[in-house]
Amino acid sequence: MTDLMTDENLISKIEAILLVSDEPISAKSLAKSLTTTEDKISTAIESRVEFYKENSFGFTISQIAGGFRFETLSELDDFVVKFVTQDQPSKLSPAALETLAIVAYRQPISRAQISAIRGVNADGVMKLLIQRGYVEEVGRDVGIGQALLFGTSNLFLEKMGLNSLDDLPSLSDFIPDATEVEALEQILKPAFDE
Amino acid sequence: MVFDVKTDKFEGPIDVLYKLIVSHDLDLNELSLSLIVDEFVAVVNKMDQFDLERVTEFTLIASILVELKSRRLLPEKESLLGEEDLLLFEERDLLLSRLVDCRTFREVSKLFAKMMEESSSRYGRKVGKNEKFSSALSDLLEDVVPADLIYALMKIKRDRQPKIQHVDLSHVSASPRISIEEAFASITRELNGRQTISFKELVKGYSQPIDIVVFFLATLELYKIGIVELEQFKTFGELKITLNNAPNLSFSQIVASESIDTYDAGS
Amino acid sequence: MTDLMTDENLISKIEAILLVSDEPISAKSLAKSLTTTEDKISTAIESRVEFYKENSFGFTISQIAGGFRFETLSELDDFVVKFVTQDQPSKLSPAALETLAIVAYRQPISRAQISAIRGVNADGVMKLLIQRGYVEEVGRDVGIGQALLFGTSNLFLEKMGLNSLDDLPSLSDFIPDATEVEALEQILKPAFDE
């Protein structure tokens, strides 16, 4: 009875952790966080996965890249694909292109800094760019708040036909007027860092 | 003194006034305005940077207090329903409703802070689609080339620029084709033929902005001295000029009979 | 029996969709994707949430900002917090909160109207709220000047933990009570009371 209680508590903690983690979490890391053993973690997950199956859950916990994560059932792929592709843009919006340009030329940069440059909240477009893999987390700010910092990905370089970020066209190639270039660079410096 | 400026967050003059009145049982008769002013001057002197907004806020509160106190000190009036008193009533009601508003939203904001705090510890799933589903999505960078990024940056710059970058002075250097006197003559001549003319018709033969300005000033001047009536039914709509009492006057006659500001449009 | 099966299928599809979503999904959007009614979506979720609770799950499906999302149980926050990689935005200043409160209750509202209520210029604070994405343009005044009008966003609801603006507490609960207002009045109109 006590054992069962503990197990239930353990699996609910595991579930909570996996729900908010955006990459697979290893049994080792779970065991350490929940001060238990890797075996207990694995057993708890196995029996819960069985329970999901018996009750026709739409998801399960799978093991991938040395860790656990929630995944949708492959039988439901058609519904999920239909959902994720509905209302999805087929072209980059001007707002998304602007945001991508800011990230490309001003990386590493935080969401708040991008918002400050654009004057509107950038979370939505950033979400899209991250989802599509063009932009990724590259670290955390050392300052107060330790904001997440973003940069462009290898996929971005690949899609743009660039070998490296050094191959990005320089502003002065496109804008002959030196003061114009300077003004543009000024704008890329956010007015304040949150 | 009730006015502890250093610890005060100073969110707005109305707010501070409210605090003064409510939390300190402000009795205007007891209140020494000179003490407040002294304190205010001391704070201003201590400011590292001259903060115009804060100084203005202080001045506003001080002036409201001065007004309230002076009203109380003045002898009572005989009639309670004079026009001036009604105005005072109205003013006071406005101030009261602002104080109540201010207090209300101040209270609400405390609740907002609490709600945000509480919901910041609610963790929703933000992970999104895994690679299996993101590959089902179309490639958004298909038609994008590096130059597009530069154009996007240039667009941000354009959008961020103030709409008017420099004042266009070309109209100043252009010399007007007509003087105000000539415009007067032209307007009165046109109006003698008929009672009404639109401003657009009036300036038909003129394309330089400065000439149109001259005509406009002349029209305003005629309106000011009561020679014409002006009507405009909507913003930026047609301006209709109607002769008032059909005088057959030349400009010099008008100048002689009324005092008219003449504009030296040539300089 | 068939009915039960259908319902079970429905909830598992909903679960799959919510699992791949990074923001709250409305009943309407789910109903559209799964070609069913909003009522059926809500009923299915309600009964599943009950089931999660009975079986000590570490998460639930909650309603926020007009949609459904998976959420961890608040009792498990301590275990979850170090796995969450979300940016925690810095706290809003009292001035920003007050302005936000005014926008929330008086929307749609112009900058000038906000400044009139607060007694100070609200432009700086509004800029911040727009960058944060809590406040957004919702239209233009029809009157002279056609001032921009602002309202609160869905993100605002999410950050406040609200499902809709109707869930905001009534403003009348916050108006100072009669004796307080009377005290104010006394001070403002001494000359007429005697």
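The chains carry the letters A, B and C, assigned in the order they are written, with residues numbered from 1 in each.
The definition used in the following text is that a contact is a pair of C-beta atoms (placed from the backbone, for glycine too) under 8 Å apart; a residue touches a chain by one contact, two chains touch by 3 or more.
Here the structure is a predicted model, which means the values were calculated and not measured.
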Could you tell me which chain's Cα centre is nearest to the average position of every protein Cα atom shown? C
Chain whose average C-alpha position is farthest from chain B's own: A
Could you work out how far the Cα centre of chain A sits from that of chain B, in whole Å? 45
Centre to centre, by mean C-alpha position, how many angstrom separate chain A and chain C? 24
Mind checking the centre-to-centre distance between chain B and chain C? Centres are C-alpha means, answer in whole Å. 33
Multi-partner residues of chain C (each touching 2 or more other chains): 19-20, 22-23, 59, 70-72, 80, 84, 88
Quick one: which residues in chain B touch 2 or more of the other chains? 123-130, 133
Residue ranges of chain B touching chain A (in the complex, touch as defined): 123-130, 132-134, 136-157, 160
Could you please specify the touching residues of chain C with respect to chain B in the complex? 18-24, 59, 62, 64, 69-72, 74, 77, 80-81, 84, 86, 88, 91-92, 94-95, 97-98, 100-102, 104-105, 117-121, 144, 158-162, 169, 171, 174-176, 180-181, 183-185, 187-192, 194
Name, in rising order, each residue of chain A that touches chain C in their complex. 8-9, 11-17, 19-22, 25, 33-34, 51, 55-59, 70-73, 76, 79-80, 82-84, 86, 110-112, 115-116, 119-121, 123-124, 127, 131, 137, 144-145, 147-148, 194
For chain B, which residues count as touching chain C in their complex? 9, 11-15, 18, 21-22, 26, 28, 53, 57, 60, 68, 71-72, 74, 76, 80, 85, 88-89, 92, 95-96, 98-113, 115-116, 118-130, 133, 235
